[in-house]
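The same chain A turns up in both complexes below, where it pairs with chain B and then with chain C.
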Partner chain A sequence: MAVATGTAEQVKQRRYQKRTGNQLVPYLFIAPHLIFFLIFVAYPFFYGLYISFFRFDFLRPEAQQFVLLDNYAKLFSPDSIQFPVFWNALGNTVKFVLYSVPPLIIIPLLLAVLLNTRVPGRNFFRGLYFSPWVLSAAVVGLLGFWIFQSQGGLVNFYLVRLGITPPRWLSTLPWAWVAIVAMTLWWTVGFNMIILLAALQDIPRQLYESASLDGATNWQQFVSITLPILRPVLVFVIIITIIASFNLFAQPFFMTNGGPAQATGGGSTEPVMLRIYREGFERNQLGMAAAMSFIVATIMIIFSYTNFRLFRTRE
Partner chain B sequence: MATTQPPAHPGGMRRRKLINNILLLALLTFIGLLVLVPLLWMLSTSFKPKSQWFLPEVHWIPKTFTWENYLSILNNDTLPIVRWFVNSLLLSGTITLLVLAVDSLAAYAYARLEFRGRSALFALLLATLFLPGVMFLVPNFLTIARFGWLNNYLGVITPALAGVFGVFFMRQFFESLPRELEEAAQIDGATQFQTFTQIALPLAKPALATLGIITFLGAWNDFLWPLLILKDRQLLTLPPGLRTLQGAYTSEYGQMMAGAAITAIPILLLYILLQRSSSRASRRRA
Partner chain C sequence: MKSRQPAAAEEPATEAESGEEVAESSCGPVELQYWNPFTGPDGPFMGELVDAFNASQDNITVVMTTQSEYYTQLGTAAASNTLPDVAIVHADQVATQAFRNVLRPIDDVVAEAGIDGADFPTDVWNAGQVGDSRYSIPLDIHPMTMFYNADLLSAAGFDAAPTTGEEFAEIAGALSDGTNNGFMVTSGFPIRQIFEMLLYQYGGTSFNEDGTEAAWNGEAGVQAMNWLLQAQSDWSQPNLEVDAELNSFKGGTVGMVWNGIWQTTNVTGEGVEFDGRATAVPQIGTQMAVWGGSHQLTLPTQAEPDPCKDAAAGEFIRYLLENSVTWAQAGQLPASASVRASDEFMAIEPQASIAAAADAVFFPPSVPGITDAYAPLDEAVSALMAGTATDVQAALDDAANRANQILTENRDNYGDAPSGQGG
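Then we have the complex of A and B:
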């Protein structure tokens, strides 16, 4: 069937292609996009690697020097200046992924379950919970910077009222992480909730009806019906959330500036994206920043690819 | 629990359902308030005079209401937030229109026109869809620098036109359209370009609207790339402008929150408008 209609389509298309015929026209259609794509996606894929083989100070481009793997050697030798700050920052990003991803799955799942009922106003609540997602990371970071201040911060007002001695959120550990994760949750919980809610709404109600006739409790229904059906969507949400958390940048940039500072020159909440930004665009060492980017990108690509494969074979 | 017991009498069941609904509604309202807290606090602070920022108790409604935070950032020539607002609006608008034009043209060709290398090229585009953005920062910055586009909007606009998502999204849509209308137009002697502009594009309005909203939102909120490219304060957009504001007004939280509000409120209003029109549309469909 599919094959037959496919070829019929092709024959038809070829017939009217022939009539209109100009072979150049399709290329004119794709050209505007393709030119930008080649310059800003295809070319930098290789150019980024190339730059990472240079010692390249943006302010002194004439002094650039081909050093082959020297940047990478520095990043992998424990006694270089870059080694502790880079791996510390990469570790911070991984920590943030570990802290943020579980609540970014569990809370949206709970919200989606709550909203997948016939409760009045569910569309309103869905829209409300999603709304912070439309804000810029810069706004989220600046709000977090104010809300978690020791002096005048909203969170501490309420903690004092509850009789709790408040921590200095943005300059001590682990509280700086708590604040960064909290603002991230506020910002993006609604996005995951929307995806999971859409998946929940696709589960036929009859499944639950027959299960409850068989005497299954709500919890049993959730575990034996909802979760298995939701599994592929959950895996997808987990993967995109890990990738999004890996790109952490603006929240610590605004809230902690990467601090509290460490003796090595790194920061306890400085994510690897912020380290790359500082190396490349504050210290102007673009060759080194390119090498750091390449390592981070490789990790992310391997992660995505493995997940993609795992996901695909199980499907 | 409720589901395990066969209903003893329907009245009790209904009452239990009502109580469940009220509890659920209370919980949802509480969560809703948590979502609103940062935004309400932003507004509250932005309307408070400095003397009230650090009071030891919470006043959600300012004791005295003032515009001075807004006025002081609006009148500060070194932090031209009105210009940033206009810059953001024009830049996001331009990017959105160009992305719609460039992406729908390309998408139409990948969906409907036949040419040598079509599937290979499209596969290449798709393969880059999941590449992490971090690997493009340094090389694209250098490309823009070499073009002389640092501190120039071309340096922000052109990389935005290279994205693959819009092409992919629009191609999916064009492929879902029935071919018959386009074929009829071609039989009537329309060129491929006329078929595209007069038949396919008008049919694609809903998809164009969706892509337009996503693109505008992304451009309005983009922080890192304009931070790298735009250095001149007169040229900044709002998100990197907020960083400048944070640096310039150390612990002037009223001004910072006024700036955050100026950045957040237009996009929140846009979101509310879209929510309302889409829920009205879905009700009409029902």
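Then we have the complex of A and C:
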């Protein structure tokens, strides 16, 4: 019966829409978002794709030249000057994703579990851990430089006091990556923590109560109750963290300027976004920079699509 | 960003009539927009000069705007046709900005204002020449400078800063005692500039004359690089990041460092707790050469150039050059030789004792995108200093190969002459 009335209702609605010609209504509802999406996402996206087929400098329209796939061909030809620096930078970004994502998931999860208990002053700590997230990337990068610089920087100052010979954080490997990942952790750990904390607070208390009555330890409760219920949120957090880490730019820009330099071209911590910026806005080769962006975007689209599919089939 | 408006009393409204009587042409009062990148402590000195110019005559009012992210701002202003009437551009950017249609040729304005190229060092004047036309006039020169801790030097028995390679080695060696460093160099900025300076001192050049090929991988380049590596191992520390030498110097544990003249207020006088001084860099190689940059005055592109504004701009530029003593106080050497010879300038220290460097400053060839071709050299010199590369000749050769590819690509990309030239 319920099903039948539902269908009748829908038929009625459809008739009503046809009579009054109100098919536009749903579009009006999404219009505010759609307009901004078209202007600021869709148009730049396709315009970027368009200029990646050109030799392009917006201040020299007279020199604009259609080169078809030349920009892409150069990026895949080992003899070009862009080839080594571009793939080196892409490799650096992937390294950063591998170094930064695990701690960016594990530490916020631990913090969230801790701050979900009745720890004294937990609101203070929630605010404390979240607060660096409000800083801009430039502030975090500059702070990172002054904290890790070798001549009287904060970290080295105390390491020397403790009798430890400090490494050159910003100019040697692997320490440059350690410094960059450390600053990123300090900056963004709070955001993931807040999302996970909100999810934890939705888990019904009774589950833990009955588990402890059955004699489950804290660790067993965490593995058998917390993690399975948290899984959808955790997957979401992992995906957005990977995307955020893939967009690495400001921390190495300010802390190491992409260094330590490599004699073969590029730097050991130069992320792909910084290479694209240099190609486009320092060398003014906007067509090439657009082509680089599209290779990166393609990788991200494939990655996100795969994740989306995996996520959906498991639900 | 800050802008400087004249006081209300100076508004030209009431002075328009008198101004028109004085001027022979039909030009009324003119307002000039003037952009520069002086966001640091140098900005107020330029503001002082602009105020003085506005007060010195009735017809022209200059409104100064200081921009950060300077070339991005110029580029977007060019795209929206809102470029200022007068703008500062760095010497190594003049050709690039000319080819990108941001700047226009100013041969007529220079001639009309009576500015004579003979008053400037040849290289800094030539930096404003792109193809067959002149695009800029040099305002100042900012050379590589030696800063030294006079307390440390005198404690070791040295009264004066070194001027030759032998003196330098003697002092640096005497001051390096395990705690202090006699001399300190980093693996980051400005190490490439220091390398380039030594390269020229040993008789080399960075590029061939027409800027089509890199030339730093000859014998002079290897000598320069070996001197730096030896200096690093004898007197400095390995693997230092950018600014490490300045921070250490300020801590009082370093005898001598080389950095731009713009660091003067940071590491001398009241910036430090010891007797920090600045002087010209020593001659290490077989001839004197000093790395330097230069701020140049330009007229950006306008959809409809206004002869009245151009004449006013010429007058303003001439005033800035003639009064560049005020600008010298901001930590710069005036480009004009006659200003550098004036008693007023000779009274400004340490600028006056660095002034000899002005004639030894070299500039890269005036071709578009030349700064792109420095990127491989930056990487090679930094990698050698950091020890991630050890074969000097191979690293310099490889950097030269990549720079040549970039130069070829740029020639292909920019063409032979700016589109604004010759119609």
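The rule is simple: the second predicted complex is superposed on the first by the 270 of 315 C-alpha atoms of A that agree within 3 Å, B and C clash if a C-alpha of one lies under 4 Å from a C-alpha of the other, contacts with A are read in each partner's own complex, and residues count from 1 in each chain.
In this text, a residue touches a chain if its C-beta (ideal position, glycine included) is under 8 Å from a C-beta of that chain, and two chains touch if they have at least 3 such contacts.
Predicted model, so just to flag it, every value in this text is computed and none were measured.
With both structures placed on the common chain, the touch criterion links A:Gly215 to chain B but leaves chain C unconnected.
Of the two partner chains, neither chain B nor chain C is touched by A:Asn116. In the superposed model, A:Gln149 makes contact with both chain B and chain C.
Shared-chain residue A:Ser171: touches chain C; no touch with chain B.
Within the superposed three-chain model, A:Phe281 lies in touch with chain B and with chain C [touch as defined at top]. Judged by the touch definition given at the top, the superposed model places A:Thr188 against neither chain B nor chain C.
Between chain B and chain C, B touches the greater number of residues of chain A.
When the two structures are aligned on the shared chain, A:Asn88 is found in touch with neither chain B nor chain C. Shared contact residues of chain A with chain B and chain C: 58, 149, 151-152, 281. By the touch criterion given at the top, residues 55, 57-60, 62-63, 80-81, 149-152, 168, 170-172, 256-257, 259-268, 278, 281-285 of chain A touch chain C in their complex.
In the complex of the two chains, the chain A residues touching chain B come out as 9, 12-14, 16-17, 19-20, 22-23, 25-27, 29-30, 32-34, 36-37, 39-45, 47-48, 51, 58, 111, 114-115, 117, 119-123, 125, 127-129, 131-132, 134-139, 142-147, 149, 151-152, 154, 157-158, 160, 183, 186, 190, 212, 215-218, 221, 243, 246-247, 249-250, 253-254, 273, 276-277, 280-281, 286, 289-290, 293-294, 296-297, 300-301, 304. On the chain B side of its complex with chain A, the touching residues are 1-4, 21, 24-25, 27-28, 31-32, 34-39, 41-42, 45, 53-58, 101-103, 105-106, 108-110, 113-116, 118, 121, 124-125, 128, 130-143, 145, 158-159, 161-162, 164, 167, 179, 183, 186-187, 191-193, 196, 217, 220-224, 228, 238-240, 242-243, 246, 251, 253, 256-257, 259-260, 263-264, 267-268, 270-271, 275, 279.
The touching residues of chain C, counted against chain A in their complex, run 72, 75, 78-79, 96, 99-102, 187-189, 239-244, 247-248, 251, 369, 371-372, 375-376, 378-380, 382-384, 386, 388-389, 395, 398-399, 402, 405-406, 409, 413-415, 419.
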